[in-house]
Amino acid sequence: MSELLSVSALGVVFSLFLGLLRILRGPGAADRMLATQLIGTAGVGTLLLLSLLPGQQALMDVALILALLAAVAAAAFTGRQRRSRND
Amino acid sequence: MIDVLSALLVLAGVGFYLTGSIGLLRLPDLYSRLHALTKADNLGLGLLVAGLALHSQELLTVLKLLLIWLAVLAASAASAHLIARHARRQETTS
Amino acid sequence: MLTAQWLYGMSGCLIAALGLRTALLHACLLHRLIGINLTGAGVFMVLIAVAYRGAGMPPDPVPHALVLTGIVVAVSATALALALARRLTAEQIND
Amino acid sequence: MSDTSLLVLDGLLVISLVTLAWTALAGSDARRSVILFMAFGLVLAAAWVRLLAPDVALAEAAIGAGLAGALLLAAVREQSRQPLPARIVSKRSHNKPGVNIALQWAVSVLCAVLAGTLAWALAHALNSAPQNALPRAVSANLEASGVSNPVTAVLLNFRAYDTLLELAVLLTAVLGIFALGPARPGYQSAGPVFDGLARWLVPVLILTAGYLLWVGAHAPGGAFQAGATLAAASVVLRLAGRHQIGLPQGPALRVVMAAGVGMFVLVGLGLLVAGRPFLGYPPPWAGGLILMIESAATLAIAATLVLAFLGGQPRPLAVRVARGRIAATPIPTGKPVSPEGIRSTEPHAAEACHRIQETQKRC
């Protein structure tokens, strides 16, 4: 089982690596944000796979935090501030 | 039997991850790339979570896995929407 | 031979130096800020690499505690710097 | 087989980290750099996991990948919204190219020397036998520390002085932010989709923060991670366009900001009165005292990080009750510090904007 887990984790990290190529290539900021989204999801997948290796249960909590905060960056990227003086 | 099924699900999940990222890399414009990204988020992580949930024995772990999947699903849907809308607005204003 | 330790530690050194160079040379304050943050991240990598004791062994918790607080302090300092930069811009326009 | 694939995994992560750091620092597009820096934070969280530092990975996931990215993106976004004057540029211009190139070379060489020294020290540390005195002392005294997670024991018991001062540093930073002016303007509503997400995400984040605080006693977690998660809940509300984001107002806010340091000092003084050393917990009470300090510290850290995101002193809210629903809107303040407002009132502003724009072209 641990072999399957580590090989799968490698596969997911490779997909993260492909996302990295898109983030470098761009061209627009929106494309880069999409790639960051993929990197986040791949990070969650990697952590889940590694969390089943012995003694690593805590990684599931890390994956949970990553998953819960996945939308914050996109919202900060697209959010528009109020223009009026009194907010 | 369950082990085999779980392994198959995990491997299928990894397959969808790779498909999604290749799509993100190869597809020509932002909107079609958005479509590729959802393969990794929904199906890749979904199958992975299903496989790992089959493998795990504790109910708490299964629930946590489910919560993680739902969180990623909702977050990816929301952020795909936000990014697409943002890109659309940029197009119309400029 | 713990290869992971070497990999992460040495790349930490590289990242710290790259960050410091940008923090000192770049014209844009935001880039400088990212440079300082990356310098911190590189140093954190070195510290955690030193704490690592191999796959089956429990690592040294003291550097972990240092880095943990360091991350929180770094983000607060970044926020303070951003607030300063905002004020600086406003003052420049006022001149 | 398993070891080899993990080794390749480590290699891929390290290559990603160095590439992301390099490209985030190169170039002049601030938004690109911030996005790359955010991706760096995400990959770094995975790296911490590989180095068996789950406590650090939790903090990195909440702060490095979440809050810091949001903070920087919001700053960049504010700049791009105000195209003329507001780019953050250093005033020092590069007007003497010869000196400048010499300076660049000197700094580069200096940084290379620094990297070399650091690498030499690291190699020395890794090649000699690991210094196990501290970890041994930690595990020998873990029983009496009141918690079983060694990182929490170091933070709140063995090196409690450090953490107390750390919280004081956070307080100083947030007081500095307070002193610099009002908060950035709030956000427009992000639309029904994000609003729907925020509706269930915020309670889950608050619940997760409580869980991390509690679990920190015996597993990775604790005040710092819990505080960051709690802060994320407020940031989500802010991004969804709400005015009320759970931050207390007026004097209550100041109490919460100082709660971490205050509780630490109170517990320390209480122990002094009881005849123990400052922050030397009696072992039977240690667990309870640590939880008490950590709860206060969680609130203080969360308030600090939310104020860090706001970027200044929050404007007071006017609460009104209409049709049974409570609505709050910020009370207009006297003179805005925002460059936009200044541009419209100051006659010389246009010239100043132009000058700054000239400097900014080098950015």
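Order of writing sets the labels: A, B, C and D. Residues in every chain begin at 1.
Note that in this section contacts are C-beta pairs under 8 Å (C-beta built on N, C-alpha and C of every residue); 3 or more make two chains touch, one makes a residue touch a chain.
It should be emphasised that the depicted structure is a prediction, and the values quoted were computed from it without experimental measurement.
A.B. asks: Under the touch criterion given at the top, what is the topological distance in steps from chain A to chain B?
C.D. replies: Contact-graph shortest path, chain A to chain B, evaluates to 1.
A.B. asks: Could you let me know which interface, C-D or A-D, is made of more C-beta pairs in contact?
C.D. replies: Pair with the higher count of C-beta contacts: C-D.
A.B. asks: Quick one: chain A and chain D, Cα centre-to-centre, how many Å?
C.D. replies: 18
A.B. asks: Can you work out the whole-Å distance between the CA centroids of chain C and chain D?
C.D. replies: Measuring from centre to centre gives 12 Å for this pair.
A.B. asks: List the centre-to-centre spacing of chain B and chain C in whole Å, with centres computed as mean CA coordinates.
C.D. replies: 30
A.B. asks: Using mean C-alpha positions as chain centres, tell me how far chain B is from chain D in Å, no decimals.
C.D. replies: 28
A.B. asks: Residues of chain D touching 2+ other chains?
C.D. replies: Touching at least two other chains: 50, 67, 71, 78, 184, 190, 194, 197, 201, 204.
A.B. asks: Which chain B residues reach two or more other chains?
C.D. replies: Expected reply: 67, 71, 74-75, 78, 82, 85.
A.B. asks: Name the touching chain pairs, would you?
C.D. replies: A-B, A-D, B-D, C-D
A.B. asks: Can you check the complex and tell me which residues of chain D touch chain C?
C.D. replies: The contact residues of chain D facing chain C are 7, 10-11, 14, 17-18, 21-22, 24-25, 28, 30, 33-34, 37, 40, 44, 47-48, 50-53, 55-56, 59-60, 63-64, 67-68, 71-72, 75-76, 78, 85-91, 93-94, 103-104, 107-108, 111-112, 114-115, 118-119, 122, 125-126, 130, 132, 134-135, 138-139, 150-151, 153-155, 159, 162-163, 166, 169-170, 173-174, 176-177, 180-181, 184, 222, 224, 227-228, 301, 304-305, 307-309, 311-312, 337-339, 342-343, 346, 349, 352-353, 356, 362-363.
A.B. asks: So in the complex, the part of chain A that touches chain B is made up of which residues?
C.D. replies: Per the touch definition, chain A meets chain B at residues 1, 4-5, 8, 11-12, 14-16, 18-19, 21-22, 28, 30-31, 33-35, 37-38, 41-42, 44-45, 48-49, 52, 60, 63-64, 67-68, 70-71, 73-75, 77-78.
A.B. asks: Touching residues of chain A toward chain D in the complex: what are they?
C.D. replies: By the definition above, chain A touches chain D via 2-3, 6-7, 9-10, 13-14, 16-17, 20, 23-24, 26, 29, 32-33, 35-36, 39-40, 43, 46-47, 50, 56-59, 61-62, 64-66, 68-69, 71-73, 75-83, 85-87.
A.B. asks: In the complex formed with chain A, which residues of chain D make contact?
C.D. replies: Residue list for chain D touching chain A: 1-2, 5-6, 8-9, 12-13, 15-16, 19-20, 23, 31-32, 35-36, 38-39, 42-43, 45-46, 49-50, 54, 57-58, 61-62, 65-67, 69-71, 73-74, 77-78, 81, 184-188, 190, 194, 197, 201, 204-205, 208, 212, 215, 219-221, 225, 229, 232, 235-236, 239-240, 243, 315, 329-333, 336, 341.
A.B. asks: Please give the residue numbers of chain C that touch chain D in the complex, ascending.
C.D. replies: Checking each residue of chain C against chain D gives 2-22, 24-35, 37-38, 41-42, 44-46, 48-53, 55, 58-62, 64-69, 71-80, 82-90, 92-95.
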